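Labels run A, B, C, D, E and F following the written order; every chain starts at residue 1.
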């Protein structure tokens, strides 16, 4: 049975910050996304939206912990063409998460396990699966599928 | 003039719950949508978003009454690949709604009528219009158009 | 019964030209769209697409008659950031179209009528409906609905 | 080892038909999609596009075998608000497909197997997995995962 | 050095109002967008969303100052097919903005300058750039580029 | 004046290959995109589409030179969940392109110059601009703007 460092279900608050961007290219927005991920926000993404004057545009959303508010505001105002940002606070609930490793025929892979009451969910760590897939000329799907099978045999679930 | 069971304009609060999903297929997400509608949420839908690592993904949004919070959290965490959900509360205003029926040459159809001050709005019940359209080899547009005309003649609006 | 200048169903060929744009803003792309419509293409629109390097981008599509190929190529290469365009030819089928006018309580409105065998379709001219809606403080839906009813009474369909 | 009715890789031609729709509601378009699927097209879907006059619109795409051209043209012109359709022919390549069944602890499930040279791909039949998931209060992902594991054990791949 | 009317960074509150629209055409929604912009909301846009019953739909978002709440509710309920709206309040931060003009070889152009601490951002007024581009047969990009260069030479930044 | 290796305008043919994907996650699709770019296709991208059974899905498009057809078919069939691909050939026109370098206060940057008749277009090489922006804590927009100004001074355009 895999060793598991169980963590309690978390309930906390996150900030969702938005900015609408219609005067910057996708090329530059890809750069902004990378910078936001690097400073440690939980998530950042673009939603295509239809604006006035026939403009295809994007709504940037950034999700992060309240302590990062000033840093994220500054980064978004500095890196994007937007002259303003708006935000609100949301309640968040996370599953109990734990981490484990499995050894497949392609090599070792990390798994994230989520638990809520009776229900259990397992996700294979993408970056490792991608590296192994690339090295072995496989699809990510095949590698992930392998890891899940080894896990299931081990945990007899 | 059609019989009408007038209802007062409502102002209440709804919860909007979000989860970002980048590791589950559209096929499985269609299943999640059906399950959410079945348990009685007001609405549920997916928004295409652009995430890190070149990932096309979806933001799931579920709108429901505050009393359903635990049930919806559980369903989303059990049915999707997401390890967390976030939500916030919004104020909602609904038009005064009433319901009536009209008899068209294709059969009886239900109408929903919304009123706000002087302004009135009429919508034809989709499921009935679709059934009639299918039976008669018509488009839904034709059937709805018929129902609206019969209503307008009756109400002399 | 409305006077109608019947035209025959057309079958012809159109060119669909595409360019992918990831280094130009939505603001500038709205301008390009207007210019394309002005020179007389059949249609022009943007599709949001997910490109490499985390880039949200747009695919521009322009549909026009083959004789305009050089003009459209030039306009797209001059007005957008793209260094190339690609195109292919498609077969097109149009319904038999005729035009008529109806007098509603809000004023006169133009209708486009399409016919294919037994089937008939009527569309209210948007620009006129929008002008009348704006002048009378109505929604476009209300004005269009009125025009369709007057037409239906006239044509006894 | 599962019984398999091997079929040869197919190379054939399909027609892709398009129509841009800016004057019909999503409610009605859902109806059109169902009707297209019912008459047996290979696929039908909507792409959100940004059109002139600030219009959010949809491009309908229908993919089908050349013999259905007249039928599909008629259905699209009758059921949508569009006055014209355009189409072109594409070359298509399909993997060698075979079908098999596996018995899981939740019941029997059908699998589709694709082969191209050395490479093999397995997909669980969605409708069956959805029915079983619904009956057992599971996610579709869990049911599919089970079926794939049983298959892998059998085929020793 | 350009004359500049500096304004202080603003922090205030805005309302974000949403309505999901699945039974109205894009043609009519373009009209709604124009009306909302005309009454003075900060922004209004449509997001394509995937709803139940195979419906492609739109989420309308309107952003405006709290004092406009009643007016915007009424306009949305009157102009769209929606029977209800929902909204929440967000915190907003704007950069310090000032305005200036530059004289290019194509004519005078207005610039908006944003400042936050050390960081400065300059945007060319779109409507003026578009008018000049149209008159001179240029792309908006070329005109904006010219204006930014003249500004940079002046401000020696 | 910058040294320029002028190249003639090209007119050639490209293949556009499509596959619809509704049973694979965005996480895995990001991997596919990277692999396609690595083998040297001209472009690859995902378009969000609305499919039957309430499925949010993606249309994969890959653009490449005709000689790569077998390689791309194989890669797409091996890396995605799709059991088939379809493609067609398009005519392509490229601007005359040349390359040059400019020295800015932040370092050297490469430019791509496109020419078609009288019209000239300049693009700053993104990867270099991004590296410089990251090193200097700037936005990509600022770095690109600098490079364009240096180029314009040199070429007196």
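The working rule: a residue touches a chain if its C-beta (ideal position, glycine included) is under 8 Å from a C-beta of that chain, and two chains touch if they have at least 3 such contacts.
Note that the coordinates shown come from a computational prediction; the quantities given were computed from them, not determined experimentally.
Between subunit D and subunit F, the least number of touching-chain steps is 1. The greater number of contacting C-beta pairs, out of the two interfaces A-B and A-F, is seen for A-B. Relative to the C-alpha centre of subunit E, the farthest chain centre belongs to D.
Taking each chain's centre as the mean of its C-alpha atoms, subunit B lies 29 Å from subunit E. Measuring from the averaged C-alpha position of subunit B to that of subunit F gives a distance of 40 Å. Each of residues 23-24, 27-28, 33-34, 46-48, 50-58, 78, 81, 88, 126 in subunit B touches at least two other chains. Taken chain by chain, the contacts link every pair, so each chain touches all the others.
Subunit A contributes residues 21-30, 33-34, 46, 48, 51, 53-58, 81 to its touches with subunit C in the complex.
Residues 18, 20, 23, 47-53, 57, 59, 73-74, 77-78, 81, 83-88 of subunit F touch subunit D in their complex.
Taken in their complex, subunit A has these residues touching subunit F: 24, 27-28, 31-32, 35, 78-81, 126, 130, 133-134, 139-141, 144. Within the complex, the subunit A residues that touch subunit B are 14, 16, 33-34, 37, 43-48, 58, 61, 63, 88-95, 97, 112, 114, 116-117, 119, 121, 123, 126.
Listing the residues of subunit D that touch subunit A in their complex gives 48, 50-56, 145, 148-149, 152.
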